[in-house]
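Naming follows writing order (A, B, C, D, E and F), and every chain is counted from residue 1.
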Amino acid sequence: MLDAVAMAGSNLLSPMVLFFVLGFLAAMARSDLSIPEPIAKAISLYLMLAIGFKGGASLASHGVDATMIGVAAAGIAMSFLLPMLAFILARGLARLSPIDAAAVAAHYGSISIVTFVSASEFLRMLGVSFEGYMVAVMALMETPAIISGLWLARRYLQRPDSGRGQVLHEVFLNGSVVLLTGAFIIGAVSGTKGMTTVAPFIDAPFKGVLCFFLLDMGLIAANRLRGTRAISPGLAAFGILMPLIGGAIGVLIGSVMGLSPGGTALFGVLSASASYIAVPAAMRLALPEANPAVYLTVSLAITFPFNLTVGIPLYLAAARWITGA
Amino acid sequence: MLDAVAMAGSNLLSPMVLFFVLGFLAAMARSDLSIPEPIAKAISLYLMLAIGFKGGASLASHGVDATMIGVAAAGIAMSFLLPMLAFILARGLARLSPIDAAAVAAHYGSISIVTFVSASEFLRMLGVSFEGYMVAVMALMETPAIISGLWLARRYLQRPDSGRGQVLHEVFLNGSVVLLTGAFIIGAVSGTKGMTTVAPFIDAPFKGVLCFFLLDMGLIAANRLRGTRAISPGLAAFGILMPLIGGAIGVLIGSVMGLSPGGTALFGVLSASASYIAVPAAMRLALPEANPAVYLTVSLAITFPFNLTVGIPLYLAAARWITGA
Amino acid sequence: MLDAVAMAGSNLLSPMVLFFVLGFLAAMARSDLSIPEPIAKAISLYLMLAIGFKGGASLASHGVDATMIGVAAAGIAMSFLLPMLAFILARGLARLSPIDAAAVAAHYGSISIVTFVSASEFLRMLGVSFEGYMVAVMALMETPAIISGLWLARRYLQRPDSGRGQVLHEVFLNGSVVLLTGAFIIGAVSGTKGMTTVAPFIDAPFKGVLCFFLLDMGLIAANRLRGTRAISPGLAAFGILMPLIGGAIGVLIGSVMGLSPGGTALFGVLSASASYIAVPAAMRLALPEANPAVYLTVSLAITFPFNLTVGIPLYLAAARWITGA
Amino acid sequence: MQTHTRKKLEIIVDSPLVPRVTALIDRIGATGYTLFQSIGGRGAEGDWREDQLTGAQQKILIKVIAGEETANRLLENLSGELERYSCIIYVSTVEVIRAGKF
Amino acid sequence: MQTHTRKKLEIIVDSPLVPRVTALIDRIGATGYTLFQSIGGRGAEGDWREDQLTGAQQKILIKVIAGEETANRLLENLSGELERYSCIIYVSTVEVIRAGKF
Amino acid sequence: MQTHTRKKLEIIVDSPLVPRVTALIDRIGATGYTLFQSIGGRGAEGDWREDQLTGAQQKILIKVIAGEETANRLLENLSGELERYSCIIYVSTVEVIRAGKF
């Protein structure tokens, strides 16, 4: 426990979290500080490319682990099933309409790339190693939740399924899924030699770029919080409780599957985090009746900051405790 | 004196100044070379983040200097008072209307971040050290001049002060002030350890990024010069005389406060330089009667190039002479 | 021959080509992956700045070669004359209208910077050295082809030459020409010392940035291919045959001029590649009757991918064979 | 100068829906369209500014110049297709020179 | 197709002033607005291109669809509020389908 | 509120041609113009999306508010100057408050 508190402290004082806090405070104080949108998008692409490539290269150098297939299957299952849990909680605790609850549920089955990236930098900072293929697991967990969410919503909607083709297409060929997976494969193919080639671009400046991006995430989170009337106490509670439950389940399953303490913590992080890229775009198209102010606000402005500051060290502490490390 | 000439030469042949000249010549020849605007903004944010963080980290490792409080107070006083001098000169020499003169005056009390950054790279190149907290002094000098400028203008305006709240807000929560100050504090909190983490992003590529940015500054300066009818011989003379006077006063005060030769030179640079980010936006809002073509042209197209090429080595030579280094 | 196959293989598995393929496949599958436009433009500027600077610095450290003047003259002549050949082939093989054929011809006389950059990274990977001034030769070859193309077209157009001044201006002060040449000169002036200063920006991350850019080139090439009805079998054949012929001539002349094997290969690459920046903009202005779908598609979607994957190793193999290396 | 009367349709719609709208414009037989990005707005669903990473609320403005009849058909089809979505559509009258182009 | 007549107000204004204008639009009771970025222009104050770092001359276009009465009230208030500033305002007539939205 | 009738000219044109069009606008004596970037479209020449590095197909929208007479002169000159180029031009009627500005 003491350990967890110390870890939480060192997490809160890392430049990454401090830049998030700076962005958050600046937007709360209505400063006109802002990152141009094409830059934010480019950095987001950079993070995916870099994390994918590094994961693939690490797979190439450490080889395929016996537990890999199991963890991948467990990840897909989690992404499919967590929305059911999230739906019940969103209905009961946050009192959302069925449609809004289904849309929110889809977000929590999916994952947040920045949360994963921040968690893996945190592990690296503490010298905790983890399985390189966790990046591939992340890519696999990104989309199944969308299907669950739409399935949940469909039971409450009286309308023909127009545009379903476009939605499925959007789901499986979403840019972030394609880039993550593609970079992972390229990393695996190019291996250590390829890594040496591109390391000065994707490895050395990575943490600094992440700081810059988290500054923007802080601005975005606070702007959402400030501008919204969509957040009720129940929804706020959901935004904190749901990652705790998801994270606990994730840590439990991760350790059962035989992941290292670091890998277990990351599986917890994936389960605890909520999407803010792939899922909102899909919901907008397939479930326009759902209110984007609700799902974007709870995902970006409640759960993301919670995970970044408190959640990550917590899931690591739990992973260490449960794996006996 | 010979020393100063040699220094000026090595400054003029640095890649930074050469890229500025390239941009300047390209725009003068009406080339279609241009840096996309979101990129220019992002680089500007990057420079603030990096310079702020480095300043804070340097403060953390070298500790607070006895002279720091004094220099900070002197900086604030300079920012408040230089506009009075600039106003008189802008009226007398450049023959500007009171409103335009007040707007211009506000620019010269404030500072130019790129000029400061170029000067500190120049010092580093020559191996001249300076106080890390000069970055904080720069942040403190950014805004007081706006208040002086508005005070000067108000005496000539017969109108109620609408929107004063928004202006004060704009002044104190201006994005560049917030980012500089925030990054400085984060740098001070994270110290050497944080610096190691983000150095490959904010330190190693810094000079190269600055070259890219100065290319854009050259384009912007020459485009302003080409497009304008706002520049008179008197205004041009003002744009060169005012930094010389401000720089001389700054060097004098810096040495009296006990700064190192490098710090003294930077205090001169801050006093000599004119704002092109925080002040124009505030003037646009608070003093829409002032002509932006006047204040932007003299600040960006006359004073900035002058300081970058001739001014910086001059202020250093003066600082060395006066501190007896 | 075996050598060439092995080289082609190692080229195809380099991260650079793999990222191009990823982008190509993503766009073919209609993924929504996309690089924001200002970012693509900025990377393109970065590549020009970096390659220009590096070429100039290399010239400064290795000195001017005796063959340099000859190669420069040969490059200019190639750029003037290749369009004649391309015009005949575009008329005969691709059955284009005279106007479209002239526009296409101008593209093939000029050069593609990314193809050159990819080729020089490929050489570096294999440890094959080349003359630093090839960058200057590239800059010289960029524009003469435009004049040839317009001259070819004029024989078929019954109209007064309005806007010829603007076109010549556009041609000689095109942003990419100015930046390449300017950075080359700055690199030559700053030499090794300047290179050390900016290396962490323009050298270390260069290959990684190129990967990112080639991802975008893949997206662009496939999007063009997908969206077009402009591509006929004849035009596709032209897009592959023309670089082969141009490359063969280039390799022959390069070796005759006494270039090293690496330099010879690069001269082949320059002759084989087709412009996609300077020439299209000039054609749009000077030859609006030509269909941009034709020249952009054949240049970006046929010839560029062909050169990147198959052409580059081929021209190197030919250069080695002909120079007896 | 001789001009011809045409209709200008403007549609402000979520960016994920743009492909569907442009496909419809093609199907109806309009001769073209032009897309513009908006950077913020407010409507029944509340405020939004740029797309803030998610792209979910980003709005695109689509302009179509067309003859009265085509415009009417487009309007009818669009109002059916987009009924459930957050979007606005409005029409005005414009004069053009090259009648054949629209 | 049944349409309803509304007014479209367009305001081109310095970007630092946008918050003040949108606050006014809210206060007057229009149902929404959309913002677009311009990339250059010319007027009484001369030429400008993009914002060239300073942001001081960047212009934003604000479109508001509203009923005649709301539009008139907005126009009157705006012309007072923005009198001292560099900006232009113009109004045209549009047809909309969903009358309730504006 | 007292308003004055003016013409709004809109021109969608290839970006390399913008300097030529704005020079013409100046020559004709219009009081100003504003430029907007479009992000895609379709016309007789087919589809395009952003400028995809080449800048060759990028279209810019130019808005000009002017009196009827100036607008007509502009229209005539433009249709001559731009005849060979891929572009569209259309005109509508707007109401303005400050008559002196246009």
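As a convention for this text, a contact is a pair of C-beta atoms (placed from the backbone, for glycine too) under 8 Å apart; a residue touches a chain by one contact, two chains touch by 3 or more.
Given the structure is predicted, the values throughout are model-derived calculations rather than measurements.
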item: Steps in the shortest chain-to-chain touch route ending at subunit E and beginning at subunit A; value: 2
item: If a chain touches subunit D and subunit E alike, it appears here; value: F
item: For subunit E placed onto subunit F, the superposition rotation in degrees, Cα atoms, nearest 5; value: 120
item: Chain of greatest Cα-centre distance to subunit C; value: E
item: Far-end chain from subunit D, centres as C-alpha averages; value: B
item: Whole-Å gap separating subunit A and subunit B, where each centre is the average of the chain's CA atoms; value: 41
item: Whole-Å separation of chain centres (CA-atom averages), subunit B against subunit D; value: 46
item: Residues of subunit B whose C-beta touches two or more other chains; value: 36-39, 41, 170, 204-205, 281
item: Multi-partner residues of subunit E (at least 2 other chains); value: 36-37, 92
item: Chain-chain contacts as defined at top; value: A-B, A-C, A-D, B-C, B-E, C-F, D-E, D-F, E-F
item: Contact set on subunit B toward subunit E in their complex; value: 37, 40-41, 44, 159, 163, 166, 170, 216-217, 220, 223-224, 227-230, 276-277, 280-281, 283-285, 288-289, 291-293, 296, 300
item: Residue ranges of subunit F touching subunit C (in the complex, touch as defined); value: 14, 16-17, 19-20, 45-47, 49-57, 84-86
item: For the subunit A and subunit C complex, residues of the former touching the latter; value: 36-39, 41-42, 45-46, 49, 53, 169-170, 173-175, 178-179, 182-183, 186, 189-190, 194, 197-202, 204-205, 281
item: Subunit E residues touching subunit F - in the complex, by the definition given at the top; value: 10, 12, 36-44, 59, 61, 72, 75-76, 79, 88-92
item: Interface residues, subunit A side, partner subunit B - complex; value: 13-15, 18-19, 22, 25-26, 29-39, 125, 204-209, 211-212, 215
